[in-house]
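Dropping the structure in here first, questions after.
Chain IDs A, B, C, D and E follow the sequence of writing; residue 1 opens each chain.
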């Protein structure tokens, strides 16, 4: 079984390597390798679920006295669940891509990058220690970079890729410092050993800081405020990529990691920080989503918001209970639960959006769509299922997982609970808005008028994804709490009614006119980007400019050229003694001698 | 007697040397040359006082005779007329004078440091006080070395000859080298001063 | 007579052969050089593979040279330098592959290039202080001429002087320090192992060490562009012809670091402890300051040059940590950065050859135009900002842990920031400006790299990846030697115990 | 009256030497500079003879003998040089000899 | 008397050769002047071989008292310098033959003067008392007065001659006055007596004053600060072979006497004056190197570099040890080869009447690769880059000072200045390399023809530079024994 575990990890790498080494010349072979690899990984993951309780295996990567880094696989409930999500959703998206990307000239490169991404993601999932996780964390970052910037000739895509990578790096900075702190505190980076040590150590305050720093990593990957700015821009990548990376897997990595190392932050002040950051992110992103017009961006903000949910609930913690099957902690379990369901329905939504975009010739503005219901029935229905799941309409998967979160929030923190409910209302609101505007009414552009249903290579994955989106919730169904049930149903109802009231038959968004500055704020994403832009231009660039000037003028100029110049000047001055006049020489001779005499005899 | 002669010769030497270098009356090199002759002669007088009779003779022969003749000859040959008084370079003059004065000052002070060390313990303090200050400091330093018996022999030409040529003393080697030097100088002078054939 | 001897001597031999080939036979000249450096690269691979990790000094050649001064021609390799020599030989081969852009006075160029290669390899293979120094200087003179004659741009004259003066100054300061060691240790031999043994038995007077170490530290530091003595590097590299820049930035620059580890610290351990704190701060300045400077550069070569200076900060930081982890990491980064810098300068040389300009604002979309070189450049930049999978990451990560363990907390934080964020910033800017975006106007006619050049790039990348995936290939040997050095500085080392709880 | 001592002789010789040196520094006529040089050498002679006398050692006088010879040679070469120079340049002023400087 | 002649056999041979050249000139046609020069060089070569004979070297072991009342000394140091001078003279003679076209008349005498100057230097190498010192120095100097002003048709040559003569005479006067004072205090002219009375003499200000005067005279010869001002003008004006010989022979003669006087005879005094010598050495290094920076006339440049090199060599005196002396010897040997090479090449590349501007080296790389390589090697050696002769010289010098360094801050300052000086010197030395190798905008390339004898000299010099650099084992032993024998015999 160890071999199988390694294969899960390595197959995508091999595929990516082979594509890179030359298989790229043939589209079919590249795609075959890539899809084969991820599918095999999926099947192997399923067999893991079936056959293995837990499994640990490792090989050494770097060992120096006092320092030992392994590449190790840790297969337990948590990682098995995540494996299935990643490879399962991944497989479907690979297949979807076949259709979506079939005309692209860099088709092979695309699949090579996809495989690389799957490899990196699986590395995070399987990692059994911090360093390995960090390694794959970075790799995920870079493969995401490559995929976002896949259409690198488009300046916006190239910039978005850069932005994503750098924002992630800021998070990783904290992550790495956190790892260093953990290492120095507990002399280990291995999760299992840490779990043992942490209980022994009584350095809560400091480990809280370590935990928070590690959370910074999650903040980057899972796009929590204030590092969330990259995710909407990342929609510049091909839509399947958005579905895979920016909805189902990569962004979930932060949540996954938090669940993995929850023991580190448990009981420390870091928990509260995590919870509030998550909650605020959820609220803020939901608000932003309300005023977006780009179909993918709406979904992106919705993703942000849902991730905020998950992070929040991780931070809330909740009770330990064996009932909770995966991690044993209510909050993390809820988070993982929502992560799983979200992965399915959000991937499906993105693929649906992709299908729409494909059909509309890469038109992404929802106000230029409309009336797609009749022209793209399969997409329509699956999108509807996804929307219901996301909104938490009862009996859809999202309903159960969201409820699990609300339960925990209700128990642990009423303010956050209220926020969560508001977010739920907003979620329904903006999803309804999207749905109504894009799929119902009349077509508002030529593209939308002539849109056709996508080919089956794209719709079949959609249909397949619809199944778990509908039913994934039942695997972890609990006795519903009446208050929570009420709250969540009301949220859905209110959200739906508001949206319907506003957007039914609307040709353009009426909100800006009504709410003015507030709507603008939402549309402009609360000016986060502008703020960062300002920081980059005024702080970062100026700092660099000052250093550059210091380097150019102070060190290279004043110091180096100064020394050089003054040396030469000294030479020119000194040789003025050589007047060519003999008597001056005689005078120098005498004067020098007097000096020597005085020096030596006194 | 010796003292009087010494004073005369010394004064003469210094005065005429000064006149060689800074003659307010004449800027003609010939005048300088003439005063140089006077200096040489005074110096040879000093030599006599120091019992170096042979050297005194050589001094007059070589310097006052040969070298000065050479000088005059060249002056005549070049027919250098009286050099026009150029503008005095006051700064360089002062600098030169100061540096030389400083040199002389250091020299004088080191002479004092060496020879006037025990002026206080000297018996002739009273006498020292009486006489002119400039010389007085040196009076006490009358070293006794000079009073040795060899004084007479020191001056003799015979002794000098023996010193020069005896194989024990080893001065024969430098002497021979000097002869080479003269040869070189001779040829050199010919080469430098002859007119180009081409 | 063994691998090592031939590795060093083959290029020198080739320089002699080339000097007898008529200048019109450019192809023959190039082939001889390629053959010699290729052969020495292969030999170095063999040597690297047959190297016994725990076998101490190997592949020795020892001839007595100047008896009275105790100078020997002594080549040898142990865990620390075997990797560097391997790297050096490969970089040398790659640099010869990339030297095709030289079209005038070919013969002279290759004579000098061969001498430089011999010097570079010899410097790291020498186990005798004198030859260590000598080989370095042997490489220096060709550098001067090569930059001056075949260099680029208006500044090349100034750059040639600057690089030469700086390096001479560094070398001389170090020489004074070395002589100080020799004198103070009352030694009768310049052999490095002998000297270390001698110092081990009877260490140098502490106050003297405090004089000697800074001499060595700043002397060697200048050779490695230690802040604020770094300005020669970007300027020199941007003016140098491709092969020279590759060799110098890749290999020769590591000479000072090698000297610090190999000589300065073992000889003056007390002085080292006294001064290393300062070195750590300077390392930080290297990282942050030069990183920020790199951000502002518009010329690709200046960017790479500044980033390479910044990367030196990691190595200094590793050395300043003065523990096994740190020194091992330092050597690891030395090797990794050598490959990387050679790759980066090789690529920029290729770009320059295509368009005679490296102004990044005028470039763009090259990934489409030259997929091979472009991909290589992408990977090089990624390696440069410390992406896992490349050897740089392994080394940098190790150094962070070491520096953290050594208590340089603030410095580590800043170093991590510079590595991850600032490093990412300028590397990504380079990619964005050069590879991404619409195609730059003047680049329409540029061609992708030729097979030979591609091989060179591929070779360097492959090694970067190999050492990145399996850094243990290098660290095993390094660790053994480094341990000896650390124990010299901290005989009652408690740290090993402290970090004993091995992490999995 | 006091007997002249070594110091007196040395002082006289020092004075002569200084005057000679002054001449070299301030006089611009090469011929006079030569004469000043002769003065300097003669000053040395006085010192040597005096030293010889007060040391009771003839070596000094031998030295003087050499010096006289050398001085003669020197001055003859010098004068020959002046002749050559005068032929070329019609000058005996040092101030005119500054074609090489810095 | 006669039995003592064997001690001066080498010098005798040289003198006889000089006279023979003069006589041969009488009936040899002017067209044969090359022959005379080459023959005399050849004869000097034979004399050089003769100096290598064991029977000659064995003279070292004979009691020093028996000959010339120990006013003359044969020891390792003396023999080393005699060989050095002969070698230099051989090269300069061959050089002079090549140069003879530019001398209007009296070329045979020119050779003869070189030979006589050589004799003076050889005597100086053995001088062990003040009479010998004075006489041999004067023989050298007066010969050089003539050699410097030999090109009577060139005003610069005459001007240089006058300057050298007057300043040289001043320095001689200082020297002789110093000797007078020293003699007065020590009561003897012999160095050995000085050594015996050292401690007593140190208390006498007059003696110290005399020593400083004497030092000034010698410092003039080696062109050490502040007695260096003459060098650039004289180097520039003199005929190039003379310049070469002046830079080598005169300087080395000064150094051998300084070594004998300061290091061997009066070590206590030198120790007393360490600070003074450190200052002089440091300032000389600085002055020479700094002034050379903006210099474009090659001969002047070499003069300044010669001043700087005098400063480096003084470090060996400062070191006050056998090692220091050995270092001086090694340095001088390396300096010999490098300087001859450079001067020869300068001469080959400049025509009569043209300045020796650095631009004459342009395109040398194309015009004659051989000369370019030789020039580069020589210059790089001077710059002190291993593995060439110059490096080892500097290395040994620095080492000899560094051994003393840890006890006196002054030594550190000196080392620092030395390092700074070397770096600064790299600037102008590499400027020469630069001119040789780049700057090529000439349409047609005129190859430089190099005659066989010159080629021979160049090759020997290059070999010498490489030999001293690459295989320094034996040379270092030689200089060490040369430096050591003296001290031992003195201690006994």
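Here is the rule we use: a contact is a pair of C-beta atoms (placed from the backbone, for glycine too) under 8 Å apart; a residue touches a chain by one contact, two chains touch by 3 or more.
Quick caveat, the model's predicted, so the values are computed rather than measured.
**Student:** Hey, what chains does chain B share as contacts with chain E?
**Tutor:** Both chain B and chain E are touched by A, D, going by the contact rule given at the top.
**Student:** So which chains count as neighbours of both chain A and chain E?
**Tutor:** Intersection of chain A and chain E contact lists gives B, C, D.
**Student:** Across the interfaces A-D and D-E, which one involves more C-beta pairs in contact?
**Tutor:** D-E
**Student:** Based on Cα centres, what is the most central chain?
**Tutor:** C
**Student:** For chain B versus chain D, what separation do you get between their C-alpha means, in angstrom?
**Tutor:** The answer is 8 Å.
**Student:** Go ahead and note the Å separation of the Cα centroids belonging to chain A and chain C.
**Tutor:** 36
**Student:** How many Å are there between the centre of chain C and the centre of chain E, using C-alpha atoms for each centre?
**Tutor:** Inter-chain centre distance comes to 42 Å.
**Student:** Need the CA-centroid distance for the pair chain C / chain D, whole Å please.
**Tutor:** 65
**Student:** Identify all positions of chain D at which a residue touches two or more other chains, and write them in rising order.
**Tutor:** 6, 10, 20-21, 24-26, 28, 34, 50, 52, 54-55, 57, 59, 62, 66, 70, 73-74, 77, 81-82, 84, 87, 94-95, 97, 99-101
**Student:** Which chain B residues touch at least two other chains?
**Tutor:** Within chain B, the residues that touch at least two other chains are 92, 96, 99-100, 103, 106-107, 110-111, 115, 171, 174, 178, 181, 184-185, 188, 192.
**Student:** Would you pick out the residues of chain A that each touch at least 2 other chains?
**Tutor:** Correct list: 575, 578, 580, 582-584, 586-587, 590-591, 593, 597, 601.
**Student:** Name the touching chain pairs, please: which are they?
**Tutor:** In this structure, the chains touch in these pairs: A-B, A-C, A-D, A-E, B-D, B-E, C-E, D-E.
**Student:** So in the complex, the part of chain E that touches chain C is made up of which residues?
**Tutor:** For chain E paired with chain C, touching residues are 365, 380, 385-387, 391, 395, 398-399, 402-403, 405-406, 412, 415, 419, 422-423, 426-427, 430, 433-434, 437-438, 471-473, 476-477, 480.
**Student:** If you look only at chain B, which of its residues touch chain A in the complex?
**Tutor:** 92, 95-96, 99-100, 102-103, 106, 110
**Student:** So in the complex, the part of chain D that touches chain B is made up of which residues?
**Tutor:** Per the touch definition, chain D meets chain B at residues 1-12, 14-16, 18-23, 25-29, 31-32, 34-36, 38-39, 42, 45-46, 49-50, 52-59, 61-62, 64-66, 68-77, 79-84, 86-87, 92-93, 95.
**Student:** Which residues, counting only chain C, touch chain E once they are in their complex?
**Tutor:** Chain C reaches chain E through residues 64-69, 71, 108, 130, 133-134, 137-138, 140-141, 144-145, 148-149, 157, 160-161, 164-165, 168-169, 172-173, 175-176, 179-180, 182-184, 205, 208, 211.
**Student:** Quick one: which bits of chain D touch chain E in the complex? Just the residue numbers, please.
**Tutor:** 6, 10, 13, 17, 20-21, 24, 30, 33-34, 37, 40-41, 43-44, 47-48, 50-52, 54-55, 57, 59-60, 62-63, 66-67, 70, 73-74, 77-78, 81-82, 84-85, 87-89, 94, 97, 99-101
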